[in-house]
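Chain IDs A, B, C, D, E, F, G and H follow the sequence of writing; residue 1 opens each chain.
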Amino acid sequence: MGPQEVRSLLEGVRTGQIQVNDALEQLKQLPYDDLGYAKIDHHRHLRKGFPEVIFCQGKTTPQVAEIFQKLANASNANIIATRASEEMFKASQELVPEAQYHPLARMIYRRQINTPQQGLVCVCSAGTADLPVAEEAALTSELMGNRVERIYDTGVAGIHRLLDQVHKLHQANTIIVVAGMEGALPSVVGGLVSKPVIAVPTSVGYGASFHGLAALLGMLNSCASGVTVVNIDNGFGAGYAASLINRLVGDK
Amino acid sequence: MGPQEVRSLLEGVRTGQIQVNDALEQLKQLPYDDLGYAKIDHHRHLRKGFPEVIFCQGKTTPQVAEIFQKLANASNANIIATRASEEMFKASQELVPEAQYHPLARMIYRRQINTPQQGLVCVCSAGTADLPVAEEAALTSELMGNRVERIYDTGVAGIHRLLDQVHKLHQANTIIVVAGMEGALPSVVGGLVSKPVIAVPTSVGYGASFHGLAALLGMLNSCASGVTVVNIDNGFGAGYAASLINRLVGDK
Amino acid sequence: MGPQEVRSLLEGVRTGQIQVNDALEQLKQLPYDDLGYAKIDHHRHLRKGFPEVIFCQGKTTPQVAEIFQKLANASNANIIATRASEEMFKASQELVPEAQYHPLARMIYRRQINTPQQGLVCVCSAGTADLPVAEEAALTSELMGNRVERIYDTGVAGIHRLLDQVHKLHQANTIIVVAGMEGALPSVVGGLVSKPVIAVPTSVGYGASFHGLAALLGMLNSCASGVTVVNIDNGFGAGYAASLINRLVGDK
Amino acid sequence: MGPQEVRSLLEGVRTGQIQVNDALEQLKQLPYDDLGYAKIDHHRHLRKGFPEVIFCQGKTTPQVAEIFQKLANASNANIIATRASEEMFKASQELVPEAQYHPLARMIYRRQINTPQQGLVCVCSAGTADLPVAEEAALTSELMGNRVERIYDTGVAGIHRLLDQVHKLHQANTIIVVAGMEGALPSVVGGLVSKPVIAVPTSVGYGASFHGLAALLGMLNSCASGVTVVNIDNGFGAGYAASLINRLVGDK
Amino acid sequence: MGPQEVRSLLEGVRTGQIQVNDALEQLKQLPYDDLGYAKIDHHRHLRKGFPEVIFCQGKTTPQVAEIFQKLANASNANIIATRASEEMFKASQELVPEAQYHPLARMIYRRQINTPQQGLVCVCSAGTADLPVAEEAALTSELMGNRVERIYDTGVAGIHRLLDQVHKLHQANTIIVVAGMEGALPSVVGGLVSKPVIAVPTSVGYGASFHGLAALLGMLNSCASGVTVVNIDNGFGAGYAASLINRLVGDK
Amino acid sequence: MGPQEVRSLLEGVRTGQIQVNDALEQLKQLPYDDLGYAKIDHHRHLRKGFPEVIFCQGKTTPQVAEIFQKLANASNANIIATRASEEMFKASQELVPEAQYHPLARMIYRRQINTPQQGLVCVCSAGTADLPVAEEAALTSELMGNRVERIYDTGVAGIHRLLDQVHKLHQANTIIVVAGMEGALPSVVGGLVSKPVIAVPTSVGYGASFHGLAALLGMLNSCASGVTVVNIDNGFGAGYAASLINRLVGDK
Amino acid sequence: MGPQEVRSLLEGVRTGQIQVNDALEQLKQLPYDDLGYAKIDHHRHLRKGFPEVIFCQGKTTPQVAEIFQKLANASNANIIATRASEEMFKASQELVPEAQYHPLARMIYRRQINTPQQGLVCVCSAGTADLPVAEEAALTSELMGNRVERIYDTGVAGIHRLLDQVHKLHQANTIIVVAGMEGALPSVVGGLVSKPVIAVPTSVGYGASFHGLAALLGMLNSCASGVTVVNIDNGFGAGYAASLINRLVGDK
Amino acid sequence: MGPQEVRSLLEGVRTGQIQVNDALEQLKQLPYDDLGYAKIDHHRHLRKGFPEVIFCQGKTTPQVAEIFQKLANASNANIIATRASEEMFKASQELVPEAQYHPLARMIYRRQINTPQQGLVCVCSAGTADLPVAEEAALTSELMGNRVERIYDTGVAGIHRLLDQVHKLHQANTIIVVAGMEGALPSVVGGLVSKPVIAVPTSVGYGASFHGLAALLGMLNSCASGVTVVNIDNGFGAGYAASLINRLVGDK
């Protein structure tokens, strides 16, 4: 309820068309209704371009399958379920035959034929063991309508492998950098290009990596400006954030 | 040195114009020279739109003043020095009279008259004590050529204050959210709008805030997709990353 | 033994009715006896309204079943066993046929037909994965004689879902808020209502949630006044504390 | 502006005494009125019994004094400012002569002559060094309309000192237990009485107390049911939560 | 080799009975030999009263059995192997038929018929889940020649259970206190008696117990003087240290 | 007031020499008398051999001086105040002229001429910077009636310095080992002798010593059996615990 | 391809024996050839003495076997794969029959008959459970061309066992010290000899060892100069670093 | 006193030129001689090339000056005192006029004219704020007889600055890499060269650098083989370890 509606309400009170008590009730009821409306509208707007996402961890297989089916029936959009087991996929596929599964990224998804193609997202990863997280980021970006360039196995200990790919980095709108262990890759990438870099620490490592803490701290303390960070192993979150950025840019 | 140059070199060897030893030397010297060049070019490109930045912490007052002067003489660009004391400002101002100081944000800067105006960055902060970090983010964004809308004192414990400003959030390209204590504000903002949200944890709080750790962890674990995080109290980093995003968008 | 009893004792000594040695013995024995008495009385009082509770973790299945039976035989009260496996339930049920099991909350219980009905406890939870802890809190509250309103899946990233339920929150005496990840929900709830809020962090999350640490710190640093916190995943503790509060209020 | 004022306003509109435009302006001028009506009412209701509170840490002395004056002028309620320096007090007192200061609790306050008297809150503390936090809790409770019984210096290493006071604990509605070092006191108190216990860890200690972490963890892991915990050194939060509970109980 | 031996050596050199080269060799060899001797003697002395102990964790089953047999053949002393699996026991028993197993304490041992009986060690534990560690401490103490009084299930939340046993505590030379969760029991015991208290934190608990960290920190910060602490779950270490103390006391 | 005095009091009541009311008063005036009889006896017994101790940290200078005076007047015992500033000493000395100060150990004390001499306590320290804590331990032990041998500056990096002193270690009943940095000294000492070793980690170090955490963890994980640990920098606690052990041994 | 091969290639181009296109192709086929020439040379040089190494953790069995085969075919060098399962070994052995497996060190390797013999590396370990890490260090050193002396089971609690071996330590160029629990051994070794000591903390221990953190911190805080540290359980890294040092020394 | 001197002494005894008692005295006067013979030799040998070092932190100014003087008088060697204040320097200089001070490295030293020149140590640092630690490492290396090449301000965010200096890195025997914030530089350097890399994390940074923890963890998890790590800010330790390595290499 905006100023216009409040003015109408007050005019109604003035002319006696609206009782004082009723007006009082309406004024009481409004705040979250109005905002709820705006929220819903916003959510609908959100959903237009981007699919809703099921976070499977902590859900049962039937729950996942049922939500997947519900979302699939509700629209033609791409559907994504992350951190999904193969068992969850099979249950989902029974209900939604066009469901697909990416075992490395542990994602179930339904892909539209005509997914729009926004600008380029580069996904770099440091080592082979970082691939599951990198693929989660890459597939999320693709399913959200971006072109994705994968630049894998470019750890900082062999810096020439990265330097060889710098031209690709320059072409991207946004760069997702996935690394475990010391998590130094985003700093190097962030120093090489002037694009937003989204750093994803992974739990790859052992000992004093403390399940990704070392990489996380490294990325938060990056000496390269323009690097922002998501949670450990949160490839989806990076892919989602990159898509939000790319959607701003549009067709550029 | 790309494939073309290598081919030329080899042709030179074949025709005898280039000695084998000289070719060997050139092949040895190339990789980082070439890349260094590209880097320099990239850096120059970077510098065209964005000013270079002095991180004053750990530098002496004369060092800061001298670097500030050097940068000021080198170009007409906006100059930024962060985490600067008033004493550093005074020393800088003696050398660069048009230097200005923002005591809350602890920034020294020189602002061009005609700073270009990219799209809108919203800077939200949760509480009064978060203002220094929020102002660092806001002023950085402004000096890097963005319009900035400040939405301050909108902590989640009084959620209506934020809800009242939602329309402003929708107008921004990028939203910087600054919060200490539990750091919950980015989750709420990230749930309300579908724009990239850059979360800045602050060291505001006491006890189990552990100097910003609580806010940092809260933001990294945000249940709202599209939230990325920078280091504790790193308002500059957030402003810089927002500017990188906005620059992608351009005049839109 | 209070002042009155000591005076009587001394009078007995004075009149010769009590021997010095006997008086000395009584004075020696008293402190913990007296307090033990008061304790026992207190404990009995405690037990009148509230069932004793078996914490099953770290106990063997036969131990759990035997204690359950012993408690069940000792009174007509509701019996609760928390963190119980299904195997423990089956062993308990053999001995106490009216035993029931709530697999999600992992609780074995015997419910009286006429459990008294104190005032309302609201149990809010942020996400689906928080349900086991939320149900432990809710079932504990119910078995301890409270009416319970469940408000589930109201994470702060979709704040309108919570705002729609605010009227329910206002009706409760006490509100239990269960959340993992960033644990921001209690701050928002605590800002909306002026009732005691008991926050329960859960170990739901991954990476930098550090098994619930992020949610725990977030809740301890809540910017909303009136929020108190229990251990990670301690739904029982929250339900118990809410019952203590509600018992104070009584029928109001 | 509460329901009564809004009704009067609407009556004024109905009778023509107030112009629609003027009414619209008044409704707009309420803080966040248009959107936050119900919230405002809630806040006003809140303010009837409980004073608004200024958290001084991170604010300047003039800011504190100005807010204190504004709050003092706005109502007759008790006014509280926590974590305040003596300098802040003096500045406040110049503007609000009836302001008082409690140096140990570091609180500035204005106390009404007729503060209502709700039920009893017991504030226990373990050691002398915990007194500042205990006093913050006690004074907050008093200013929010509760009777307060202080039971100080009752650390668990001399358990008889506590046992001697058990009868007082039984009379309280709510018990605040303040302890540093190992933070064991709430467990013992929680085992002795069946009342809600709000535990406040303090940063008192050294070495492996890690600025209150040991006490905090101890309290969160309390083996006594019914213990909830607030942030390290958060005496105000405990006093506030205790008042919320006591307000539920009312005159009982 | 002490001054006397060196003097003899030098005399031998002087009289020509010992060659310079031989003397040089002897002087070279001495330091660690001598100390090694003392060590060996010390070790032998140590072994007289106390059995050698096999720490099984990280050893293979055949290794454990072989060492157990070797120790059993070498002397009549009590033999102890800690953190042993049942499989390790069976393999050991095949080689040493009189070997016994305590499944709760996870110890393999051979007990002499005539284990000497030093003074009394009290082993207190807070909860049922702490029993494995408490039994490891108790059995270690017994096998090292102490009488042991077990006082179990005396958590601080039911302080009267402990107070009823205070007379037993007064009779002991040394008191081992085993507790998980908040680890408060040693503080209470240490306040009640003036005997050395050895505190053993256990990993019993969940959430913010952080696998025994909470109990460990609580015990290190004990406000009761005279409390010393061993590693989490280190019942053996506590039993061993108590035995060293009791051996000092001897028959007293 | 011990059993003898209570018996006398009761005899006085029996014979009529003491009025019942007066007896009641006397029993009341004992600290926490009515309830805490056994405790008081324990405390008195405790006090016979061992002085009461003032922990000055967190107390004001006048508080310290007043308590010091009160204790000094109450008995002839040695009086100890730890973590005391020189200013606290001067204030105490004004009230108790025979007070002395040990600036390194930061202790105020009054020493009886005829402090009894129990057996030997060895205090080893690793480095010069550990001396304040080592002296606190040594002086505490002396004031509690033990002979003390100081073996300082024997860090494990120069192991021969320690090995040279092994004979002294063998003569002690109890050995206190004070070390910062990696805290390895207790393991080496514990391996050399079969006496109770009380390890005191100090906050000496920098960087990854984390204010004594490294030393603390090292000592808790000591591979030498019989090592127990106190809080970081808690020299007093080690001296106190050693005295409790030595008192058990008596004149041996 | 080293300098010699590139020179030959260029000579071939000069004399016309090699076409420019073919030469270009060859230079391209080097991994990252065009840009990374100097790197390649470095790598080739590296590989002359040292084998390439496969880090198996996070790789699939077929991946490991395939890379192992590829490396084995590419040169006659020693091949190392670390953190390898027996299953990975079997798959590798099918492809490379001369592959061997060290189950304790969890390494697959192919050893040349004529591995060069650089100077001596001593590998000390503290306890039996540290052997897997120690063997990884020792075998790595051997396969990289060093003579290795193993000095095992020399924990600091039995310091004489180490002292007896000091002469061996003096003969080594570099000493690797492997220890879990309190990690004190490197300090003692570093104090005894003036050679570079590489300390390897292991995750051996329990409770407050926190999976090797205690040992790691202890080693980082070593009071012995000249000690450097690698990651927890990183025996390979220590063996590799020792080889780099030994290679500097050469035949000395 | 080395083997030669002892042999001479024994010869003197044999020939009667030295009395047995005098010989005994001489052997006794060696520091810890009787027991520590081999150690002494080692120490003397150590001292020949390398100066003894005073760690000033935790020592008083007079202590530092006195030890400095004592060391200066005892030999002609270079003398080093680390973590020294200017005040300590002035006091030392009064006693040892040729003492010098390096304020950035906070070292007092006396440098011989003819310090021997071992091979090259490279000291790289990432940023300006790392210079104090880098200079401590460099000056330590120089005073211990190494040539030092400083390569400063080569953070990974501007990787070309490092790449330009790679040829210098190849010339060094050992490379010390000093970096704060994310501490990524050692990984990049370790990947570029096959020399031992000693990584020094610094406490430079803020927020989630946690006083150097981020850099420390990053370096321990380096994906480049051959990197070993010292404590945070321990430039001296790195310089010392590099010197030990270089001394092995000798004049090569």
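One rule holds for everything that comes next: a residue touches a chain if its C-beta (ideal position, glycine included) is under 8 Å from a C-beta of that chain, and two chains touch if they have at least 3 such contacts.
Here is each chain with its UniProt name: A, B, C, D, E, F, G, H = PurE domain-containing protein.
Fair warning: this is a prediction, and the values are worked out from it, not measured in the lab.
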| item | value |
| --- | --- |
| Touching both subunit B and subunit E (chains) | C, D, G, H |
| Selected pair, greater C-beta contact count between C-E and A-H | A-H |
| Geometric centre distance via CA averages, subunit H-subunit G, whole Å | 26 |
| Centroid spacing, where centroids are CA-atom means, of subunit D and subunit F in whole angstrom | 40 |
| Residue numbers of subunit F (touch at least two other chains) | 34-36, 38-39, 127, 158-160, 163, 192, 207-209, 213, 216, 220-221, 225, 231-232 |
| Pairs of chains, among all present, that meet the touch criterion | A-B, A-C, A-D, A-G, A-H, B-C, B-D, B-G, B-H, C-D, C-E, C-F, D-E, D-F, E-F, E-G, E-H, F-G, F-H, G-H |
| For the subunit A and subunit H complex, residues of the former touching the latter | 126-127, 155-159, 163, 181-184, 187-188, 190-192, 205, 207-210, 213-215, 217-225 |
| Sites on subunit F touched by subunit H in the complex | 127-129, 158-161, 163-164, 204, 206-209 |
| Subunit B residues within the subunit H interface of the complex | 31-32, 35-36, 39-40, 43, 57-59, 63, 201, 203, 211-213, 216, 231-234 |
| Subunit E-facing residues of subunit H, complex | 3, 6-7, 10-11, 13-14, 16, 20, 23-24, 27-28, 34-39 |
| Subunit H-facing residues of subunit G, complex | 38-39, 42, 45-46, 50, 53, 166, 170, 173-174, 192-196, 198, 216, 220-221, 225-232, 236-238, 240-241, 244-245, 248-250, 252 |
